[in-house]
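Two complexes, one shared chain (chain A), two partners (chain B, chain C).
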Partner chain A sequence: MARENRWLAALALLGGLLFLSPALYSIAVSFQTAQSYYQGGFDPTLDNFIRAIGQYDFARYLLNSVIVSGLVTLIGLSLATMAAYAFARFDFPGGNLMFAATVATLMIPSHITLIPNYLSLARVGLLDSYAGLVLPAISNGFAAFFLRQYIKGIPRALDEAAYMDGARPIQVLWRVIVPIARPAILSMGLFIFIGEWNNYIWPLVAVGREDLYTLQIGLARLYKLNPGEGAVDWPLVMAASTITILPVLAGFLLIERHLVRGITMGALK
Partner chain B sequence: MSAITLDRIRKTYPGGPQVLHDVSMDIRDGEFIVIVGPSGCGKSTLLRLIAGLESCEQGEIIIAGRRANELAPQDRDIAMIFQNYALYPHMSVRDNIGFGLELRRVPKRERIARAEAVAQTLQLGPYLDRKPGALSGGQRQRVAMGRAMARDSSTFLMDEPLSNLDNALRVEMRTEIKDLHRQLGATIIFVTHDQTEALTLADRIAVMMDGHLLQFDTPEAIYDRPATQAVAAFLGQPPINLLPAMDLPGWQGPSGCVVGLRPETLTVHASRPAGPAIAGRVTLSEMTGAVLVLHCDTDAGRLVVAAPRSALPPGAGPVWITHDPGKALCFDQTTGARIETPVRAPASRVQAANVIA
Partner chain C sequence: MSTLTDPSAVPSGGRHSLFRAGLRRRATPYLMVLPLMGFIAAFTYIPIAASLNLSFREWDFLSPDKPFVGLDNYRLLLSSHEFWNALKVTTVFALISVPLRLLLALGIASYLVRETLPSRFLRGALFLPSVTSTVAIAVVFSWIFSTDYGLMNAGLQLLGAPKVMWLQDPQLALFVLILVNTWKQLGYDIIIYIAGLQAIPQELYDAAAIDGGRRRHVFRRVTLPLVMPTTYFLLVISVIDAFQVFTIVDVMTHGGPAGATDMLVNMLFRVGFTLFDIGTGSALAVLLFVLLIALALIKSRFLGRNIHYGS
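Up next is the complex of A and B:
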């Protein structure tokens, strides 16, 4: 048994390293000078980061990404949680139809909505703005669906106990449902955040102003703008990539411990 | 004025059979009502209707003089203890008990003091910081109890709140609830399976079966003058003996009815007494403390007798059983309704008369 576990652990570690290796490689390269990268040798430097931030405004892109992904996550998660609670707990006219429509949005590929979204935002003059970046992403059918399933699993008796204690539905949501569903909500939040952080197509389409670039757009441009003498300045690109992945990684490590166990234990007999 | 009036309540769960059939009740302010009945008869449903967690398709619920059918649970000033506790799993015992106070904007200091005082009386002091997941069944039940007690509502609904406690604690909690009732002067509606609980706690008992309210009266009335055979059979431990009148020697009441004889109204004799008696033998003798419960095979079928321990010498052979006609109950053979028997003489005289005869 113990030996078997050890083998499994070793295997998992190997798999993990395999998955991580491109990221580790890019982080390693980001600390090298162009010279040492192309000609060998080891000459650690922060120069690539300084250039990415000083010369190419990656600090600004980082800020934009944080703002856009942060807003999308916050607003999207709030809307999804409220919709999920309504779908899970209340019978209201058209509720089933609305839920069916919500689920149906999961079948629509985002590329199909790309152009209609562009046209409607252009019409209301929201292209080239934070609002234009955020708005199309805040209605998240998958999140609403996923959280509804989770909330349905929470015993309704808890809602009823809270009603008897004098709570209004919004208090039930906020004081009972949300704390209990926290692992699911946080997981969903992480999911939304990473999805938006990595979003490339929509910012590319919706934004032309450089001061609104997100990291992904900045990264792509950096790659295109720096062919050097026929060769890409890889250490610089890798430094920019590192700036792109580190915040997500840090965020994940920060909330990872909240993502595990559910906590309805002990509620009922 | 009555605190709660139920007027011909009918309830059918969507897609299910009818669960409550024209239940009417007048509950007075400050009364202690106990609802008893077999599992599935609609006791919890009735409580949920009063609480406002369920709506009924017909009938009226009047709370404190106002029609309450459309009133939300939060607006009814009713505290409830759920059959399955329904504790908030993410809150400590202290917060579980104090949550209702917090929602009512009771200042934090007062709230905590009150929650802790309630926890003390419920012997939950050591567990104030624990989450429900780390409590035993009995402890959880007490937290559920405390959550209702912390708020001074005018009405308490309790759905089998003592079912999971050990005997000593149950007796203690019973006293606790009675004290609570006396102190707060609150109206309490209490569901239980336990007859002792029902008989000791209630001002009035409501006996329900299959969604019908069979009888709603004082414990004495329910026990001594049950409305139907079913009520008589449901209450009383050991249960009442029911036998056709014609099988009972010396029966002078109406013939063609079913006679109900409470085990403690029967007398067992080791030798044939004068006058009519049922002959039989003891097949099982249960020692329950002060009282001996004798299961007898007799000419009139199986009879259960509750007798003092000195009633029979050890190793007795055949026995004879006599009954007290003044305490016999008589039920209609087809409807099960109780028939007033003409024999209503005081027990002692009848007993004496019997012996002489």
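Up next is the complex of A and C:
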């Protein structure tokens, strides 16, 4: 029995590594000199990362990605938590309709909003700004839907007790609901952050100024910049791709369980 | 916390403040919902109406007026080779990648459903690409499938086979994209299937075992019907995904070679943001929107019966 387990473990390890081998190999290449990459051998260097940051401003793109994803997460999560609490705990005229409109955003393909959002942000002069990147991304009902389901599962008696003590609804939300729902809120925060971090089409549409590029735009431009396939500086491109992947990868390894719970609960409820 | 501001306590200031307390209590949920609803209205629902409106107009983004042209934009689209090609390519992409994703995911999930260390590790490894940047994945796979420096061709050469131009061959490029998309999304499907499988009561399997059901039989008669809701959810999600695929195409092939991988959203981006033909772009967005809603409705009718009773 123990031997069988060890075999299974080895097989799983091998299968997992094989599956991830494209990504792992690309990370390895990002630490290689161009010369050793094209001629064989392994000559470790940080030169590709230094060039990605020095020549191509990937530090700036990284900062932009952190700012944009951070703001979307912070604002989106706050608004979603408040709305979720109201949907879960209050019976008010129009509430069901608004909840349905919130849930429906999950099924509405986002491409239909691309052109109008571009036009309206252009009209108010918000293209090429952080606000232009952040604001449309808040219009997402997933977190509110998910948190509403979660809050419904919290016993109402806890709210009542707080009301007895003279708390107002916003205080009940902040002192009773938020502490209990913290794991779910955290999961949703990660979910929003990762989704926004990897967002490509909207920044591509909304931003033309290079100092506002996010990592995704910077990486795609760097790759497309190279004329013809033979001329691509692969180790440099792989270093840029590693910079793009690594923060989420590190976060993922820390909090995999929260993330998986968030995703599966959203799907099954 | 003073009792004066407490809506649930009896206010001490007579009728007037009683009225105000009641008003505040009734206003509370609206105040909490309003900020999010404002964003959703401004950036989702109003834009849908705006798309519909713009789709009946002709506009190049710069000229001061937007003349109403009726169905001209739709007529133009429906008579263009470009649109039918993009629709065909996107449909082929969906028809191959959706069943591929779901079959692989269910197969793998049924092996990884147990909570053992190896199975947890494999789940993590398979899940990783689905939270990774699509652009980075597309760039890495462009390199792996590149003709001169790619891993795929290096492997072929080791076997003595000639080099293949993966992304330049109209016959192959689409399949490479399907492969990359499957690699990225598979882990997500697996996680959802595992959750669905774990929700099936163990008693049903015990009963099937007592009846002497064989493994394949049990899978068909117990597992398959009971994960039907999960399958339905994944089907909806993955079809919507497939019809909205953009990033890997934009990075890896840019719709080429010769339109062989030109999908609907890539065409939308080109018409709207490269040619700045706002009217035709909006008409395309509306057509795609209607198509996806129709697909969702057809599926719910078609699958509605099977969800509860199984096959």
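Just so it is clear, the second predicted complex is superposed on the first by the 229 of 269 C-alpha atoms of A that agree within 3 Å, B and C clash if a C-alpha of one lies under 4 Å from a C-alpha of the other, contacts with A are read in each partner's own complex, and residues count from 1 in each chain.
We take it that a contact is a pair of C-beta atoms (placed from the backbone, for glycine too) under 8 Å apart; a residue touches a chain by one contact, two chains touch by 3 or more.
Note that the structure is predicted; figures quoted are calculated from it, not measured.
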item	value
First, second, both or neither for A:D165, with chain B first and chain C second	both
Which of chain B and chain C A:V66 touches, first, second, both or neither	neither
Chain B versus chain C as contact partner of A:A157, first or second or both or neither	first
More chain A residues in contact - chain B or chain C	C
Which superposed partner A:L126 touches (first chain B, second chain C, both, neither)	neither
Partner chain in contact with A:L219 - chain B first, chain C second, else both or neither	second
Touched partner set for A:A34, first chain B, second chain C, both or neither	neither
Which of chain B and chain C A:L11 touches, first, second, both or neither	second
Partner chain(s) touched by A:P179 [first = chain B, second = chain C, both, neither]	first
Which of chain B and chain C A:I255 touches, first, second, both or neither	neither
Residues of chain A that lie at the interface with chain B and also at the interface with chain C	163, 165-168, 171, 263-264, 267-268
Residue ranges of chain A touching chain B (in the complex, touch as defined)	155, 157-158, 160-168, 171, 175-176, 179-180, 182, 263-269
Residues of chain B touching chain A in the complex	51-53, 72-74, 78-80, 82-90, 99-100, 103-104, 131-135, 137, 140, 147, 151, 164
Chain C - residues contacting chain A, complex	1-3, 5-9, 26, 28-30, 32-33, 35-37, 39-40, 42-48, 50-51, 54, 61, 116-119, 121-129, 131-137, 139-144, 146-149, 151, 183, 188, 191-192, 194-196, 199, 230, 233, 236, 240, 243-244, 246-247, 250-251, 265, 268-269, 272-273, 278, 281-282, 285-286, 288-289, 292, 296
Complex interface listing, chain A residues touching chain C	5, 8-9, 11-13, 15-17, 19-20, 22-23, 25-26, 38, 79-80, 82-83, 85-87, 89-90, 92, 95, 98, 101-102, 105, 107-120, 135-136, 138-139, 141, 144, 163, 165-171, 173, 194, 197-198, 200-201, 204-205, 215-216, 219-220, 223-224, 229-230, 232, 234, 237-238, 241, 244-245, 248-249, 252, 256, 259-260, 263-264, 267-268
